[in-house]
């Protein structure tokens, strides 16, 4: 049964189209909606809507539902539309009239928002942990190879001498900055939306500090319309902060795909992280690196979906934003998976010192030669021209 | 078992990451891979690789697999990676050594390409049919309301008199143009990739005209490297041609969301196509229109994913393109669903003649008044100024 | 003076913001607006609005303005907003009251649309010519090097033997397909918008076939609202068809950037097409190839701008679409420039046969070895395993 | 003369294509490059490369160039490519051999990066100021209309009672959050890149703390390769943080475009902020709001350009990133302009209390009625059904 059941049946094709993938996607939101429903029960209790025993029953039933969920016994039907309806239906089935009280002073709008934000904060938290773990492996890699030289490239052409350690540390520094942006977004979204109703408050006195505290939000989203208007805007920022991480990994993957080519042989990646070809028996392909490289483009698409859906709409909820749920969830998962799989790559990757040393050819040292002249008092631009002419004469 | 099994086990996390959603997505490609495998068997037969009875056995087994697929008895495991491997494994299980011959002179690269292109041509075909059906309902709507006036708007402000029929016909004309672009893309992709191997041909004489004819392709993709390089480029064009359709429906939905507001009341949509609110008992919301409106933004994201994945890669296959499969399939489905659901909208939508007539207020006729003066010989720009000054004096 | 001058002054900051880059961008549209104004004069003449001598005077004055434009004597001021106003102002200055008649039975909306579409058709035409010229150089390149071998790569790893000629022909075939899509879009937009007014027709009998014929449009955009609704939708398709071209060139550039690395040395590009470094005297960088490679990303942004601007707006003109002019014009120019500069690249590029031959190493021939076994009657998958095990044993 | 002049002339078409819009765009970077060059001179002085008097001469000459720039006497030619070369050329012209020393121990790569980051920090600073000013006007607006009711909408349908003050405060809160993200990005980019050379450091001892301090950077970008790899990644984040602001203004503009329709008449915007039509004398169009609404889509395109250009490239500088300069600069300008013009909108906007009060119709109060029953002890979901059935019976 739908929350808004009014006595007329929606067209089945329409029901399928409007419900979309919600029953599937919402399975991930169940724990967060249960947490928020428990917090909301306490708010209702403090407002006198629920008696002591009613609160106890509701909280216990919500915990039962969570247990069933963990045991794989919870499901959401298309006619229920989403996890929020499924949970309310379960409560009513378990508790009768008492279940019908849970939706007092809340709307599906603030309910969805609350579950989403709790989910998002958790997801960002696990990305941050995964990055820490990845950085750990990168540091080990850098330390193990602190003496190994490596050519530096600009324009995909040899430029100046560099080292494996410095190269790896460029990505460690990049990830530290990426963590900063993830934390900035985490702080942005850490605002309690519960109690804002459908965007215009609830005509009922609520102590929102109770749910804020129970759910661990740092601040309250005070303006109810802004709560609704934040949906899609915050989510776009979340994906944007994940984009940094995937940009960092995209560049590192691109480096590794080139530098593990047998033509370079700068690094080797263990067989267990490569795949083969259906017709070419000799192939060991860097599929993992290729997919990490491509992840950033997936995420760009997800962000475009979230951001575009938001725009050119008046204030207040629109069904359009339902389409932001899937790209948001996909994007967060993709980011975490990419970081986690990269931790394996770092463990499976070894430099080939002999090849790297052999690659340290003469042209990498022309800048050094210029500075040798500079130190003798020749102005830089003159010194540059002297070395340039030497270099090109020698070549021809 | 993988096609490229080499005796070392991939890391399970890596396997999960690289295989991704293929087992799920590929369930839609099974019929097309079976068709292509049958055509390929005939090519091999003509090349002398298969004897008459071997051909018969292979074709029969492929038809058996198709029957099992239709009965819901076919599945793809993560370790098999995709439908192509699953089908080859089934053949080998049914036919032993003979099954191992099917992959002669083909690569998974041209195999995937062939199945994808067949799938795409079918999907575009059903979008074209759905558009024809939608146009039928739109024409009926236009004809039934040929005398009903309607204000024309520019800048979301009343501009000049128009009619319901003309308004609806603007979208019919738009869909006719959209069909043209879909057909242009259909012609583009109608090229047989089977027989191009991994992008460098097959060191084996093949009569590719056999598979071209059997699979109904209009032309052959002759250059094998171009076959691989077309993957992602053609798919991007497919989504771009779908984008036209969703742009048309986006505009019509936006019109209808505004003009069905009670404040306008120009049109009414039947209850069975509206949904309600969890807390506001009076609401009948245009969720269907909102989701169709938002579909175009989903598709933009899908197209960005396909297009971005393609770029900055050297010629030849890269695992990156695996990520183009899901947005392509999602985009085609979304486009067809949106068109189909809009056929319901058109049937459920009625103009309210009284409201529309009442909305035909004075300011809509100022241009007419200008032309009345023009017909009396006053230069247009003078006439414009006269009417403008009359209009604004009357208002104040 | 503005066309809509009403006696109140717009705020200067507002004027600057709303007019934007139009005065600069519109300089390219002047010739097309003059053409369309001449055609419109003939329509007005046939409708009896203009006498014979009035038509002559208007046409002559428009031709005078064109001459002044060619001599660099035509400019557009911010207060005039755009080329359409500037041209009408010039006419009124030259012809007095007669100039004030030119805007009879047209709106700036259909006027802009007409000039844009004429501009677009010309621009696509010059892209098509530039592609033909590029293909010419590519064919010469392919023919000159028809015997030169080249390794084929998949996953950025050596795969199978290929040739320079086949590699180049992959891009020739790609450009032929790109031309098809450009032509399909050309056909789409080849519809006369003049006479559709502000989107709701003109309350005045017009023979639109006169302007259609004079301007060389193949068809008429009959529905006036669709004319307005086509703005942004057609432009998005134009950019999408250019995107194919830049995807083709992106891949070829990416190939060349890799294969001209000294580490490969497969091809050399003349010095006059490379640039240097401010500090590294030895550098010759492939900047041209890098910028062509990046062009596709510029175009993606332009297309997103056009497409996004279109959506979630009701029917009829909105000022928002002014923002589609710059990306459209930039995108067309970028596409043509990239094709033209690539014609230089093809002339400056030479294969190094010795390096290419040396790169034809053993692993490229494993598929050939598999097929040698297949020809002896061993099933393909068995043969694959035999060669795979040989290959990996030899390596270790 | 180019910095890397080597004795061969680049092809003119190639020069035009590679230099692109740099001479025009770089005019904005001149002051920042002069600042950075002064700071670099002090670094060179401390390293013993410059004597006391040489430092004085260089600093004085740089200040002279700045004065000439302010007087409009500084220009950049196509053959000079960019502002960095033009400034170095000027120095050499003024100071002879001493000018040739300025490029010691720096590369154009770290030079560009430094100028860009200084420019960006300034630009973000002015956006922050503009937002503060806008918030001031919004607060005044909210305070002046603290008692005016306003219907709240969901799904573009009347939902619940709200107020003009609360509506406006939703956007104030939104802007406060947008400021947070701008500040987070400001902190991210506040890292001194000067002294990192071409991405691999400079073979010369430098005291980078001198330039860090003089240029006011908070931290140092220590890893030279990360400095180069940050280009495009930081810029993408900058545009992402601007996107928040334009999302906020997009929603407010969309609200105002609807609510200033005569059909609603909730708000009026002064004539000086509206524009007219070339054929419809009665029109006053909200062009400013439409352009602000559309700005967000421009920015999305800019961000896609920056982000896409970054990806699938190996570490180190590539000419591709030249294409990130224009979208970055355009995006920052567009954001600031939109905020500034919106400050005018807020001053020109007045609510129409009579119309707003008249719009407070019955259906807005159904939730209130539900809660009246809830307060009498009826469970929420029962109460909802009672009011729903009353409401729909009354209507029919």
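A, B, C and D label the chains in the order they appear, each numbered from 1.
Here, a contact is a pair of C-beta atoms (placed from the backbone, for glycine too) under 8 Å apart; a residue touches a chain by one contact, two chains touch by 3 or more.
Given the structure is predicted, the values throughout are model-derived calculations rather than measurements.
Q: Relative to chain A, which chain's C-alpha centre is the most remote?
A: C
Q: Any chance you could check whether A-D or C-D wins on number of contacting C-beta pairs?
A: Counting C-beta pairs in contact, A-D comes out ahead.
Q: Just how far, in Å, is the C-alpha centre of chain D from the one of chain C?
A: That gives a centre separation of 28 Å.
Q: CA centre of chain A versus CA centre of chain D: separation in Å?
A: Chain A and chain D have C-alpha centres separated by 24 Å.
Q: Which residues belonging to chain C are in contact with no fewer than two other chains?
A: In chain C, 3, 6, 103, 109, 154-156, 159-160, 197-198, 258, 277, 279-280, 283, 285-287, 290, 293, 297, 300, 304, 308, 311-313, 318-319, 367, 384, 388, 392 touch at least two other chains.
Q: Help me check something: in the complex, which residues belonging to chain A touch chain B?
A: 2-6, 8-11, 13-14, 17-18, 20, 84, 103, 106-109, 111, 197-198, 271-273, 275-280, 283, 285-288, 290-291, 293-295, 297-298, 300-305, 308-309, 318-323, 327, 337, 340-341, 344
Q: Note which residues of chain A are touching chain D in the complex, please.
A: 3, 6, 49, 92, 97-98, 100-105, 109, 152-156, 159-162, 166-167, 169-171, 173-174, 177, 180-181, 184-185, 187-188, 197-204, 222-226, 228-230, 233, 236-237, 240, 243-244, 247-248, 250-251, 254-255, 258, 293, 296-297, 300, 304, 307-308, 310-319, 367-368, 371, 374, 379-382, 384, 388, 392
Q: What part of chain C is in contact with chain A in the complex they form?
A: 154-160, 257-258, 261-264, 277, 279-287, 290, 304, 308, 311-313, 363, 366-367, 370, 384-385, 387-388, 391-392
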